[in-house]
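Both complexes below contain subunit A, partnered by subunit B and then by subunit C.
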Partner chain A sequence: MSPLTPAGETPVTDPAAPLLSVEGLAVEYTTARGVVRSVDGVSFTLKTGGEALGLIGESGSGKTSITSAVTRLLPRNGRVAEGRIVLAGEEVSRLSDEEFRKRIRWSRIAVVVQGAMASLNPVLRVGDQGTERLRADGVARRDAEARFAALLDRVGLPRGTEKRYPHELSGGMKQRAVIAMALTHDPQLLVLDEPTSALDVSIQAQIMNLLKELKRERGIGMLFITHDLGLASDLCDRVAVVYGGQIREIGGTDALLAGPRDPYTERLLASIPRIRSAEAPGFLPGAPPDLRVAIPGCRFAARCPLVFDRCRTEAPDLVTVGEGHDARCFLSADGPLPAVRG
Partner chain B sequence: MGIWRPIATRAASLFLVLIAVLVLLVLSLGATGYSDRILTAIVGEEMRAVRTALAAQIKDPDELEAAVRTQQEELERSYGLDQPWTLRMPAMVARVLVLDLGEARTVRTTTGSNSVAEIILERLPPTMLLITTSLLITAAIGVAIGTWLSTRVGSRSDRIASWIAAVSNALPGWWSGIVLIFIFGFALRWLPTGGMYSTPPPTDPLARALDMVWHAILPILTLVLVSIGPSVYVVRTMTMSVAQEDHVTLARAKGMSGGSIARRHILRVAAPPIVTGLILGLAASLGGSILVETVFGWQGMGRLYYDAIAGTPDEALIVALTFMFTLLYVIARLILEILYVLLDPRVRTGGGRRGAA
Partner chain C sequence: MSGFISLDGVSVDFHVRRGLFATTPVHAVRGVSLEIARGEHVAIVGESGSGKTTLGRALLRLQAVSAGRIVVDGDPIADLAGDDLMRFRRRVGAIFQDPYASLSPYMRVREIVAEGLVVHGTVPAAEHEARVLAALEAVRLSPAAEIADRFPHTMSGGQRQRVAIARAMVLEPEILVADEPVSMVDASSRVEILALLRELQVSRGLTIVSVTHDLASARHSADRIAVMYAGRIVEEGPAASLVDDPRHPYTRALLAAVPEPDPANRLRDRAVVPGEPPSPAALPPGCAFHPRCPVAIAGTCEVTDPAATPRSGGGQVACVRELPGA
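Our next item is the complex of A and B:
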């Protein structure tokens, strides 16, 4: 097999361009009961130099579909229906699958998939899995092994881990190994899909600290999917709240958490239980909308505590409410949201 | 070092299986009185000859009866009929266990020996030819078609294959054999209808071997026909479920090529259950070979087993063949266990110490 990315070839990059720019993305799934547009008109950018964007939402909100479109890991029945994905100035959404595989996958966009526990091949040694792409790229075995061993060391795994099988590692160790794997090609962008969801809290904290260090020391851009606002605020510079396949609100983490301008964000924040507080967590009744049915108005209207007539007939657009802070509610532009009882 | 312990445990439990089969065999032959009946029949037959011979010498009826009775008692003693089966049969099984298989009463080898061991050695290769060839063909087709189907689950070809798999699984081997003989042997006259060699058999060794292969086509086809469906289906289902696992998504995200994903990340992971299915299929075709060999007049162990039970019952052959079939099964299972330990590191107990510093 010939080397896939010959040494010395510089990736097509425009220094002025953002690391990642997603423009008007729509993702559709063909199901037995028709076509479902589970992502509709999503746009965001990720700055170069190690910005982390958190994608927050309930299950089924479309956050994983968004990143799967970026990484081209949509299931067989899914496809990008509209939109452009631009990586450092290059429109990667136009590349052929084979070109994307060879030039973008792992070398520029690496992934830590959901369900860390099962993301390693059970019958191959950790080292063989960590070095397989390097080997496929034509790197000599010894060099590939040395490189991966250094990365295992960097993520805090004991020497010799590369000789072990996945079932011999704990959940936290597995997730560290997966993160080490993601770094073998020094990617520009790391997509993390709930990387800590299967881990217990103390291990979760260790992994989050590791990610923060990597972000700082390597300047890797990160897309971080979670339903945990606390985790997102810990790692991410910016946060996008996703609901019903749309971005409800996007902005700097601190500004957004301190002053949500969309009722869905506000309810999501209120639903976090607080230790040592008499206040009961807010409850968000209902379920995310069924996207197979066209919704004429606001997609959150059915569950929104602040709903009024206009919401049911007219779909709100994202409006800018502050510096780099957009929200999708007719009330967003009017300043802080009115208080909600309960 | 982690590999040997699980294998040793399995070997021990398989040895127990072997013993258990022999105990059940003793019970089913002995407690039902079948063994006594076989031996009494043999003694009765021999006594008819003895009586005629004695009658020619001894004229006095009382004297004749006394002589006959002594002869009969002697014969009964020699067959162990003077003892209850509970004493006679365990001794027999103990001999079988150390491969002292005894002598057949009616069956002979082509060279005229009546040693059961020699008879079985003569009949084993034709049976192994049928079973291993059909297993290899089944495995090759199963893996090829099964992996292909797993990429198109729910398609028309997948549905047709599922249907064929169910039919294939339900087909009795002997019936398929008869149908195939009818189609290819009588209607089309393409292939021989039975036997292992043409009559007269070719004298040249190469021609003789080719003649045997020519005769083996239909029995092998029959065995493949009844095992191919389940095999394709197992491979399809296993590869399909592995293909949906997270580590395959990760391999795809890594930018591994399609071939590498299929081999290293799907087939390699699905291999242990697939190999299990194939080897258990081999065990089934051991049983199926008894009827298929009978239908095709294939002079293998299966045909011999049939003759030993359905023809003139021959206890030594029945016991020895049951032992041999069980032994083959146990050996196949042991090979499976060893393969499993080699293929799936999770089965190796304590294997993690190697890499640790």
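Our next item is the complex of A and C:
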């Protein structure tokens, strides 16, 4: 399938630049109780050629705010307070909303959100929804339909799915249809926000296999948001662990799973029940911090099993602990973390 | 053999309206037999449409059974009425999946937890406060007196689920039915909630029947696991044995689908079974799993719905490949 350039635009692409570069991102929300900075100083890059980065965090960690800033889908009371977002060399954070919508979203950055059921229009046939944006971009009906039918086939949906209404499809089929819709413009970057969390485990495994295939064969960059480190390790080359609006640790999936250098990552890993191990999972007591209250020291200090005095008064910075591997703990630089019981 | 809780050939049918006069029977639970000992934790594991939640509701007597019977401590629960039914309701507590929906936003934690005491009236009103605080302490919500004054919206998902457990425990039930107790709780809090259930089970001799889609959590929290598919228990046995030595192809498929944090995962595709679970309104003939089964025997599995047979390692399994002589 040939790449399609929507509305006659030529993408501004610097071949030497990373696919995505997020630099010093801060996101703030205006609430009844004042301004909350829910993302604070987040930086990462995504290489070209089909790299997948997992953003891992608990609810309220800021992981969805990060990608909503990238896709310009922040709610009305949210705004990017600081930082730059650069897509293939172009600073897209400087574009107007209008220009971003026309030129970037869907055509170069496509989004698959949690709960596909809710993101489909119940009164439109799947095919009409899938070709809507192509038609709006001036693609002839027949070409748009052929293109979308090929995508439905690619994501594993039977012939004739385009003629059906969303309620006639199962949850897994709907999620496949939503993925096909995200691919209509051959995006460079796919943002996946918990794309399988509403699905049964056997269907979840099918969708993960599909994402892996798409990543391999099309070289699409992926930002994969999840609270499930196990799921992330299935797809992602690198992972960023997000806590209290900051990256706690970022690195290659293998290195991070084998030797976490931040105590939060370590506890998160320990708390996953392993199906093939008799060893009971470890605890991670307490709850994520309330970001409406200023925290003088480390944001994880209140829950950290390795906490010491300095952590309560001084905030640690990210330090490089290996190649492409950064962690945010005063102990990170000293090598493997001391063992934690429980 | 007769357990503390005994399910004997339990079926639940629903009738779904089709058009003006016609109805279609939906076989949500089909001939489930299971014995549960006092003080045991049995996890019922399945995907959506497997009938696991309906079975849990039948056990709570929130859902009438179409065939078979459920006996709790010698009493067939379908026959209970009046005071006996109220006594049954005190003996069997329930917690539900969504701690955001199951707690009234207009009530303080104190009122939420005390509600069962008020409804049943078996404990003098003067003792309610002490019972509420004790229940909150038991689920590790402290300081209990301060927590009791709070509204649910000020609490995290894990804290809310603890309130739901305290509400169930305040009447000191002997049995707790827990429907997906941790699926809406953050990953980091799940272990604590499951450990809390284990502690209540051990310290109070509580019998727990949990319903979940999460085989890994069941492996670490339950004594026994029963795997349901299309309304039937396809395999049941001691948790470790079932996971380490699965006999039914569906159990194997579920195990293969569990995402484990392993760097090697990324380099290989997950072994998955094709297709999706059948609709309970249109079950395939024979073994309901045969259209997806990687080891189905042509000519046999589409006609034979295998009965449960004893399983090596304990429990039962329903697969023609496990029948003697197969």
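Of note:
By our rule, the second predicted complex is superposed on the first by the 332 of 342 C-alpha atoms of A that agree within 3 Å, B and C clash if a C-alpha of one lies under 4 Å from a C-alpha of the other, contacts with A are read in each partner's own complex, and residues count from 1 in each chain.
As a convention for this text, a contact is a pair of C-beta atoms (placed from the backbone, for glycine too) under 8 Å apart; a residue touches a chain by one contact, two chains touch by 3 or more.
Keep in mind it's a predicted model, so treat the numbers as computed, not measured.
Steric overlap between subunit B and subunit C is absent once the structures are superposed on subunit A; the two fit side by side. In the superposed model, A:254 lies in contact with subunit C only, and not with subunit B.
With both structures placed on the common chain, the touch criterion links A:122 to subunit B but leaves subunit C unconnected.
Within the superposed three-chain model, A:132 lies in touch with subunit B and out of touch with subunit C [touch as defined at top].
When the shared chain is aligned, subunit B comes close enough to touch A:113, but subunit C does not.
Applying the stated contact rule after C-alpha superposition, one finds that A:170 touches subunit C and leaves subunit B untouched. Here the vertex is the CA centre of subunit A, and the angle it makes with the centres of subunit B and subunit C is 70 degrees, a multiple of 10. In the superposition on chain A, A:285 makes contact with subunit C only, while subunit B stays out of contact range. Considering which of subunit B and subunit C touches more of subunit A, the answer is C.
By the document's definition of touching, neither partner reaches A:33: not subunit B, not subunit C. Judged by the touch definition given at the top, the superposed model places A:142 against neither subunit B nor subunit C. Subunit B and subunit C never share a C-alpha pair closer than 5 Å once the two structures are laid over each other. Annotation: subunit A has no residue touching subunit B in one complex and subunit C in the other. The touching residues of subunit A, when paired with subunit C in their complex, are 58-59, 170-173, 200-206, 208-209, 212-213, 227-237, 253-254, 257-258, 267-269, 271-276, 278, 280-285, 287-288.
By the touch criterion stated above, subunit C contacts subunit A in their complex at residues 47-48, 156-159, 186-192, 195, 213-217, 219-220, 240, 243-244, 253-263, 265-266, 269-270, 272-274, 276-277. Residues 245-247, 249-257, 260, 264-265, 268-269, 271, 343-346, 351-352, 354-357 of subunit B are the ones touching subunit A in the complex.
Contacts from subunit A toward subunit B in the complex involve residues 4, 71, 73, 101-102, 104-107, 110-111, 113-115, 118-125, 132-133, 136, 158-165, 167-168, 178, 181.
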